[in-house]
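Each of the next two complexes has subunit A plus one other chain: subunit B in the first, subunit C in the second.
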Partner chain A sequence: MGRKIPLLVLVLAIAGFCYMLFPIVVVVLAGLTAGEFLTFPPQGLSLRWVVAFLQSDKYLSAFFFSFRLALMTMIVATIIGTAAALFLSRTRFVGRAAMRAFFLSPVVLPGVVVGFALFAFYISTGSSISRTIWGLWIGHILYSTPYVIGTVGAALAAFDISLEEAARSLGSSPWRAFRRVTLPNIGHGIQAGSIFAFIVSFGQFEVSLFLSAPNSEPLPIAMYNSLRYQFDPSAAAAGIFAITLVTASVLLTNRLVNIRRLLERQHA
Partner chain B sequence: MTANRTGRTAGRIPGFRRHAAWLLVSPLLVFFIIFFVIPVGLLFVSSFNPQIIGQVGITSELTLDNYSRFFSRSNYMAAAGRSVLLAGVVSLVTLIIAYPMAFVIAKTEHPGRNTILLIIVLAAMQLDMVIRLYGMMVILGDNGLINQALRLVGLIHAETSARLMYNFGGVVAGLVQFALPFMILTLVGVIRRIDPSLEEAARSLGATRWRAFIRVILPASMPGILAGSLLVFALSISSYIVPALMGGFRVGVLPIHIFQQVAESARFQFGASIALILFLLSAGAVLVYLHVGSRRSGGLA
Partner chain C sequence: MPFVEFHRVSKSFGKTAAVEELNFTVEQGEFYSLLGPSGCGKTTTLRMLAGFLTPTTGRIKVHGRDITDLPPEARGIGIVFQNYAIFPHMNVYDNIAFGLIERGEKKAEIRRRVGAALEQVGLAGYGSRFERELSGGQKQRVALARVLVVEPEILLLDEPLSALDKKMREEMKFWIKDIQKSVGITTIYVTHDQSEALTMSNRIAVMNEGRMLQVGTPVEIYEKPVSRFIAEFIGDSNFLKGRILSLDGTAGQIDLGGGAVVPARMPSDADVAVGDGIGLLLRPEVLGLKPSDEGETPYLSGEVIDETYQGSLRRYRIRAGIHEVTAEIPNRPELARLEPGDKVELYWNSESGSVVP
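The block that comes next holds the complex of A and B.
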């Protein structure tokens, strides 16, 4: 393994991984500390903050609010994202690359600006969904669908369309050929995409900022509001549950699709 | 119909099916137009309306007052400059930290080990930023782990603390934490596609491994370096949560000003003009990124 890698590069890489992962380890330790606050050296482990989280109205209700919102987002993002990925993989229309870039653009554009735009849009059109779960839902779909398009697009790029055409030429209807031939081949890609949509929504902060109300706060907003004033170890305990959820999701994704291929795919 | 089918080339949808295919993309297209293009467009139109506190809707009166206010007040211009400087510094620091990590991932040939490294990067990328910042604050805070350790070994006095956050450096540390996975994933694909025979040629001509790395591999990864840096620039200039928590509202960047104008002062039109300026800075970096890097970066990054 180290044969081709200069020693200095290897040492720097290990230091980089420590930098990337240490804060996550610290959150787990802070949630499991026996003291009032994570100290150095640590004061020993206890489950008191996990229990406090499970009994706290604020974090537990925010956790379930986020969970519900992420499920709602996942369903819509998976359906409309998969359909759009199918279109993008099969069309030769000249604006295809631009359309793909347009659908992926929310990932990198400022979430605060998009959240503000939606907030102003809801108010000025007189709709009552600003500061409700429905208004958040729309914002989260915008930010989750790109991940479905990316993941399903990768599965479609690996799928040989002539299989579906063979079924068609043997007399299958378009829907039947899709359902019996294409869908089983890209099914794991769709499941992986839906998991991404779920996690992205679950951890979404920026677009939620303008769209949340005190009685309907997703978990990241609730944690942010408490972090501004104090380090509440029960927020870290909530973090442990979120870390577990994300890790399990990524491991599940790895069972469904080849992560190496997904992450290193060249754009068509 | 049957005759039509035989003449088909792979992937092409003939006749009316080509129009039927548009049905697949129309739900998302309509959704994006109604809830992305129109709201953002209306927001930008409202930035050309006169500033009326509490007023949200569009009026027919057009003015450049909000922009002249922005460009004539030194604190807003300073915020724009600080945002650009911050995103630039973060791009550079992230590149320096991410490159060795991406190099090791790209050169790890064992498929299992390689997958584990990618899973770690992907999990870090997907994890809620607020949680990662909680960890950063516990480490870097005035009573954080580093300050406690420094007091323990006597490097600083018991009652004092080293300022590791609530300043520019703290925001950089948080944004690097946020941007690392994106940079790594962009670089891994590019490094992996560098022809190994280039390095072998340099080595067989007598270059040391280190020299071959500096003179051959590093220049060959320039497209990924450029694409990753632009991506990180766009991501970090857009972030609200990192300057808010790591800067404690003491590092005034554009997203912080937008939130303060809108949520605290109800100045929607002026907030919209800052939002347009931020959007253009971020979208500008994205457009250059698409131009230089679209065919070289990873599928999700």
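The block that comes next holds the complex of A and C.
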């Protein structure tokens, strides 16, 4: 704490943090209300709506549906995204720069566009996957893969290709060199990308709005639908669990990565 | 039979030719340097030999076997990269064991050979360190150990000293040469530094713009360069414009203008004729500024422009007629220092001046 931070900057920073954290505070407090209706500030604190969430089939099944969907999306998006990032960083072809810019830009395709496009496609081709988890899954993969391409692409940009060449000339086949040298060195990028894919899929709304079926709704859609008809605080309680899950997955992965670094250092 | 053979090898990237029609051979056990400015094609040549690039046309042979289309892992060629490419996620021991594991060696054998390799490069006890805990010189030793432990047929070194500071560079120059000699491994060394090439090589190939300009021993390259580019790239040089007055085998007379006529050594194989305009190459260290009794004769007179004191040397710039000449005199305290404007006479042995077309 050697340097003094100007007061104005400090005030702005605190205001910024408050602004960012405000929605979380609203959801958490609204979910812990003791009253009958979704209000902020809450009318007294209780766990009744948390209990109601845990006893509600509708929310619990939506929560686990979202969890399953996010996990499935994460797996496929990680594989496709890593492969795509490798392709973009290792090959030379016309339009590569444009493709990289396209895939590495923070928001690639608006969810509304992905959702609408797939919806129109499924309906007009009469595809049997319309309004199934598989159709929804495809939409989520489309939406989350660019996040993996972005993080893995960044890791590959920092990766020195001569490491892989060194492995090759020491006798590794292309696949062995990738597995023993490249993969361990871009692992943090893949890890970060897969967390992103999970979180993005878990919180995805627009794609799901177009593609989910009434009997199998992801959590955000279930929350939205229930709030349209009743102003029920258990939606906020569901939000608490969603925030907890996302935070836990980030912390957990962070811990895993740090533990590995720690081990490495002790080994040395 | 030559050990490494490049036969009409060309490589272009798109429309740019990186190397053109490369023909050269390297003998077994030889220390062969590819020397040239950046962009001359030396690294491209090395990477084609390592198998990271495929020639556009031409064949590469090792031991008479055509390796042009073999992948890097099937070539038995080791390479030390400019940045050493130590695997950052492995410790020194695992780095050196890497190639042995890829060859399916037994655990005990790996332990024995890695231990011996660490010993050989003077890093015994460093096995558990990671790349970030090593100095530049240590990284280089690890990189070399990692390659030598798998006993490749050929060792490639890609500017291995350029990332080190000057003192370390001098030290590693001799260290690498010693290791190479004791292992007896055929070595191809890429560098842009003429002093590294001169110190370490059996033969040097000077490259520029994708072509080999001259191949020869350090002595031949330094003393009998075949072109002005080589003369000026290798070491400091005075290049005096003149005209051939007479020719007799490898001896001849050069007219330097202003009435100065000097004897010079002619290139044996180059096609020069009486009347040709040529350059007379005089290295700064062959010039004397005082009469000497070593068979040297005064050839040019001029006056001192300035002196640069360099500790072990004094460096004089001298205007002699239409020529400007640099002379380096070993510094001895008893020698009188020359002032700008002092009249001097330039001496050299006629064997020391060579004609460059």
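As a working rule, the second predicted complex is superposed on the first by the 221 of 268 C-alpha atoms of A that agree within 3 Å, B and C clash if a C-alpha of one lies under 4 Å from a C-alpha of the other, contacts with A are read in each partner's own complex, and residues count from 1 in each chain.
By definition in this document, contacts are C-beta pairs under 8 Å (C-beta built on N, C-alpha and C of every residue); 3 or more make two chains touch, one makes a residue touch a chain.
Worth saying up front: this structure is predicted, and the values here are computed from it rather than measured.
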item: Chain touching more of subunit A, residue-wise (subunit B, subunit C); value: B
item: Which of subunit B and subunit C A:Ala34 touches, first, second, both or neither; value: neither
item: Which superposed partner A:Val51 touches (first subunit B, second subunit C, both, neither); value: neither
item: Which superposed partner A:Phe210 touches (first subunit B, second subunit C, both, neither); value: first
item: Partner chain in contact with A:Pro184 - subunit B first, subunit C second, else both or neither; value: second
item: Which of subunit B and subunit C A:Ser169 touches, first, second, both or neither; value: both
item: Partner chain in contact with A:Cys18 - subunit B first, subunit C second, else both or neither; value: neither
item: Residues of subunit A that lie at the interface with subunit B and also at the interface with subunit C; value: 162, 165, 168-169, 174, 264, 267
item: Complex interface listing, subunit A residues touching subunit C; value: 160, 162-163, 165-174, 176, 180-181, 184-185, 264, 267-268
item: Of all residues in subunit A, those that touch subunit B in their complex; value: 1, 4-6, 8-10, 12-13, 16-17, 19-27, 30, 37-40, 79-81, 83-84, 86-92, 97, 99, 101-103, 105-106, 108-114, 116-118, 120-121, 123-124, 138-139, 141-142, 145, 147, 150-151, 153-154, 161-162, 165, 168-169, 174, 196, 199-200, 202-203, 205-206, 209-210, 219-220, 223-224, 227-228, 231, 235-236, 239, 242-243, 246-247, 249-251, 253-254, 259-260, 262-267
item: Of subunit B, residues touching subunit A in the complex; value: 5-6, 8, 10-13, 17-18, 21-22, 24-25, 27-29, 31-32, 35-36, 38-40, 42-43, 46, 56-58, 97-98, 100-101, 103-104, 107-111, 113-115, 118-124, 126-139, 141, 143, 145, 148-149, 152, 176-177, 180-181, 185, 188-189, 192, 209-210, 213, 231, 234-235, 237-241, 244-245, 255, 258-259, 262-263, 268, 271-272, 275, 278-279, 282-283, 286, 289-290, 294-301
item: Interface residues, subunit C side, partner subunit A - complex; value: 50-52, 71-73, 75, 77-79, 81, 83, 85, 87-89, 91, 98-99, 102-103, 128-130, 133, 146-147, 150
